[in-house]
């Protein structure tokens, strides 16, 4: 499996990662939040109880790629991680839709690409760096925000490739689910997943890292 | 799989089941709480999105088997379930340890057996009825409360057998985990599991019901 | 104009109407909430200060058409209104999407039609009775929930016609707006409008009732 | 219309402008409060959905003209606005009535005039700068506070003229309303308007800026 | 002095009397509120420490004369008072101004007169019954609400006379104060007095009952 | 009267003066608290409405004379008062009784005298400076804390004389009241007066400053 | 020792007994509060861990002897206690001091005696019934409330004797402590003890019941 | 006895000592918390009322020995104590069990020994310095966390000996209790004692310091 015993694994991101990480309680793990990071940790601890993986949630609600880049040295590099997951971009997009009159809150594709690239550059010494695509829980690919989200995900895929880092297509995971079931109920705003969406993201991460134990 | 499309599945129990079911939000499912019931629902929805399973959390914090029996007709039978899971007994035991001077709060083995039996009798028309053992997250089998808990679990197993109903040994699941990792961090009081314990219980239930989809 | 001096005008509905009606403060009007009812009242008072229109908000959050019908006599008829607006149905639909496994929370088209018809029948003596269509703030007409919402709106239109009562197509109002601007920002869940959606609804109502004063 | 696509429009003022701007939610517009600024934004977005107007609420509760002037560079100029609305003065007046023994809280006419003039001078490069008169929701022009308010409004009108900037007489708008309807209910203290007063102010602003779309 | 040692003295009224009577603390007197009743009690206890006067605050916020009459038997007569003060009517008036479209909330002069008269009739066995005029803290006698308030006060005076009970003109007390000082600061809404208004009312009551001790 | 129109009058002290001065509302006077300072202001405004007295509450809960002295320049002198009232000392005493093992919280007589003297020296340019004695609402002069309080009051009287400043014996005022009525009910802890005690202190201050208007 | 293994021991009383019994947490004992009952339980459990004493706190804040008598059957007799402690009377007394004008809140000596006697009569079948004197934490025996408290304690002693039940003189315990240390700090109001007073009461109870284990 | 009149006695530690020391109320002693420190103070004050012992609670929740050492100069030495009690180490241990993947939160035996030794070295001038063993309220000596706790206690004993300071074996006190009674109910997490555990610790301290007064 990708993770080694004793690894420090950081999840960088926005509110989809953060999920109230200040408030989570229990399991002897500090500040993991209530979302996909928590669920990944739960799987790893329940299925690999003999290993020690130090998962650290570094999501900050509201962050766009510019803000994440600004805190990268302090919040990511300084912690000297073995593995970094980076899921960012939905706020770069969202503000273009919910605050169209405030362009200073919009991160356009070029800057997004540059920001991601800098994150990857700053992380050259990180053993494993995995990009997780931004996603929008809307099945209709013609929806304007979904479309833009796909465009940003494509940018992330390109940056990942350029830097020889893996890219996990979370949007594709949701699309599979949405073939069978309405997205209503997955989320209020199609951006923040509830429990089932957290499971969908966690599953994709577990597969990517080579989770290799049977469910039972 | 045990569950059929459209089944109503009730989880009867105490605070281990309840887990704040009033407060849970999201996924379009009402009152599932934040514990193993929620996790079972999350697995089922994420992996069987094309089916409809109506999970209902009927745990009540603080309940012992006497109190659960008292509300059985109103809270379980009246909802006409297809499947019932029943996990009860830890409060029957716990009060003998934390309130030794209050015998009216203790449910002794004979009454426990009779209470369980009545629940099973009242549920003859329920298609599937599964007992889930009470458990104590303590590896030392000589610990007094663990010992008593094992005794009560044995009673439950006997009642299950007598009524030809399956019995899932949740304690055994925790014991396997505890071979590899300390129980400290699983719980504050060794009674109420955090996330990882919820996963351990959910996994046992999923296996019991014949969950048959691959993790990836 | 449709309203006469001294009229009592009731708005029957769900949370889209309710909008926290317990908490609203000011303007000497009690319990109007913070949504479209409040805005209609604000327009009427600011533009027709010499008339007295007694607007009453009778929305109840979470109501479907079955629940609204149950309280119709007590909450609507008993107040002896001159005019009734009735906007209901989104919860009839929504639960089919966010709680698909709980069919007892779904109001299917036949019952919806019957419920609306009974409301109209019970209101024969009300001078003016106006149906306001349910709506979903999603531009894509192929979206599953939008589609069902259009189907329910068509039912309402049919019931209105059968009872010789006007029908206001609120969905059409939103569609016009959505031609120019994304719906993101209009609402979190595409069901509950913020300020701008309240304006869109209020405008449709004002036009329907023949608001006849110039803006300046 | 006065506003151009992409304009940044700042509303400078006191609590009449502020209206809890920290707390407002929705419509993808941040910190607009619940008063006239919000309503202007609602009108503009609902009626001109194809344009982008960046409205910014810079009211601070309790401010008099001295305090607004002190923060002018930081809060107004630094944001480089295209349009500024400035409604200030009621606290300059009010403290003379409710804290007569605290003269250091009173801003007398000469200072008020100087303060306004400095604001206008500092805003020479702002394309459009509009003064909005302070007002007191009292019909009786002989009322002492109304009288002083009229005096301060006259000063503002003079400063506006001297600087070749428009002046909107909000007091006159309220006076028209008060011919038909008591001011009781418009406000508790005749200073802070509820919904209807917000509509009256917003209407005056919309007319001033040449709002040119039909209501329906 | 009017009060005898051991008298029970009830203050019947609305929010002007109530003043949060549930919450008041201290002085060993229960539920006196923070307004004029409290101040009367403070004067009596400080200046006549050797006597025992049982003051009871029976104000209920929001009450009009109809509502006070409805609870008269239960709240006033049943307590068998020696003295009753009755200050009521401002809500009878106020709703005509702040809720003009809700006539069922308006108590018109004829009903007001009848209500007061019934209160007096029901209190024939009360040794002392004193009417306290409603008042509006507005100096301008041409103000519409002030005018109506004067009309209602005149009705109260007439009812008092008919029943041979004293009438205290509280409005006249405020008018004297308003000759010297603005009413702004006395109250936010001109209905609910702060500390100084409480002093003005208390002083009028003390004079009426023949307070006969020197201030020093 | 001692106060002149326009005077600034500061009340320096501890919690007996402070009385929650942050929270008080109304009467257009800011931060007067709910105790004797408020009541003095209420009397002055109600009886001398034509004059302007700027009362400022500078009590700080918990202060002893050492702490008051430390903030004297900043809180008293810097405000350039015309009149200062100084009531301090009860915490100097109280800690000797309720925290006998913490001598660093005790202010002994010599330091108390020096502290008071310094306050008087620092206030040479203040037109009127009045000492108000500390007091303990206990009639029994042999009570240990009462005794010590009398000793400290005697020190204050001596300092007042030495500096040619008046001294008001508040303890004597309470003693008069306690001849007629139990102190129970005046206060919970015999240190913090409720309403009646505030009246007793206010009365003494009013007499000292030559209040010269009739009560009616 | 007086208590036998398995005894149910009830503490009947007012707020001195109650001490927030709803809120106490821990030690597996439900609703013991934070006062002397808790401390007695702590001693018994720590020193006699092999026995089971079921202590039940039945204090109700604010109760006087009339109110305690009214609930005696329901709250005491119905629980079938082996031992009852009864400490009541301070509110019978206190209201005479802090609410002198409200005689219906005063329980005079004759009624107090009758109430106590009825409690004793109703408890004839209780194996052990112990009266605990009311007390006032004031050393001065000439203090009016102390004096009355001594009078009521003497009545209790008489009732105890008449019914052949023991009487514990709690006041005497406090008097011993007060010889060495001021009562200030024991309590704010001399009625409700803090920790040290709880220890003083608990010690007297332990001695009375024949606590017979060494401290170490 | 070990303590002399006027001694300052500091309790250094973690949450077992802290016990909410900010919030404690009463007894004129500031910040003692609700645990064993409070109980030691209560015993000392109730039994030695003529002496003055200044107990100071310097526990900080969550502290391990590294953190306590970091604040030693500021929090302990700077207060110039006569006596210091030092109970630390459970968090050094606990994190190894509940956060096994976060080794930077683990204090291993060597560092623990060095930290304790430095505390002792820094306290050479303190007249009496007493180590109190960390403890785990678990009777089973084979339990992993209990075992490690015994190991750390042995280290503390060794450091105490090396520095010629007494060592109190608190674990042994709990072991005695646990022979007779289950530890369930003593604590939720076996780390933080409730009332009875506080008594057990306080008793050991009192014995160590030579408490020499009879219980009665």
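All chains are identified by letter, namely A, B, C, D, E, F, G and H, in their written order; residue positions are counted from 1 within each chain.
Simple rule for what comes next: a residue touches a chain if its C-beta (ideal position, glycine included) is under 8 Å from a C-beta of that chain, and two chains touch if they have at least 3 such contacts.
Note that the structure is a prediction, hence the values are computed from the model and not measured.
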| item | value |
| --- | --- |
| Repeat of the A-C interface, chosen from B-H, F-H or C-D (over half of contact pairs identical by residue number) | B-H |
| Of E-F and B-C, whichever chain pair has more C-beta contact pairs | E-F |
| Between chain B and chain D, centroid-to-centroid distance (C-alpha), Å | 62 |
| Centre-to-centre distance between chain G and chain B (centres being mean Cα positions), rounded to whole Å | 44 |
| Residue list for chain B, restricted to those that touch at least two other chains | 27-29, 97-100, 181, 184-185, 188 |
| In contact (per the touch rule at the top): chain pairs | A-B, A-C, A-D, A-H, B-C, B-G, B-H, C-D, C-E, D-E, D-F, E-F, E-G, F-G, F-H, G-H |
| Contact set on chain A toward chain B in their complex | 25-29, 38-39, 41-43, 45-46, 49-50, 177, 180-181, 184-188, 194-196, 198-200, 203, 206-207, 211, 215-216 |
| Footprint of chain A on chain C - complex, ascending | 94, 97-100, 140, 142-145, 181-182, 184-185, 188-189 |
| Complex interface listing, chain B residues touching chain G | 95, 97-103 |
| Of all residues in chain F, those that touch chain D in their complex | 6, 27-30, 52-55 |
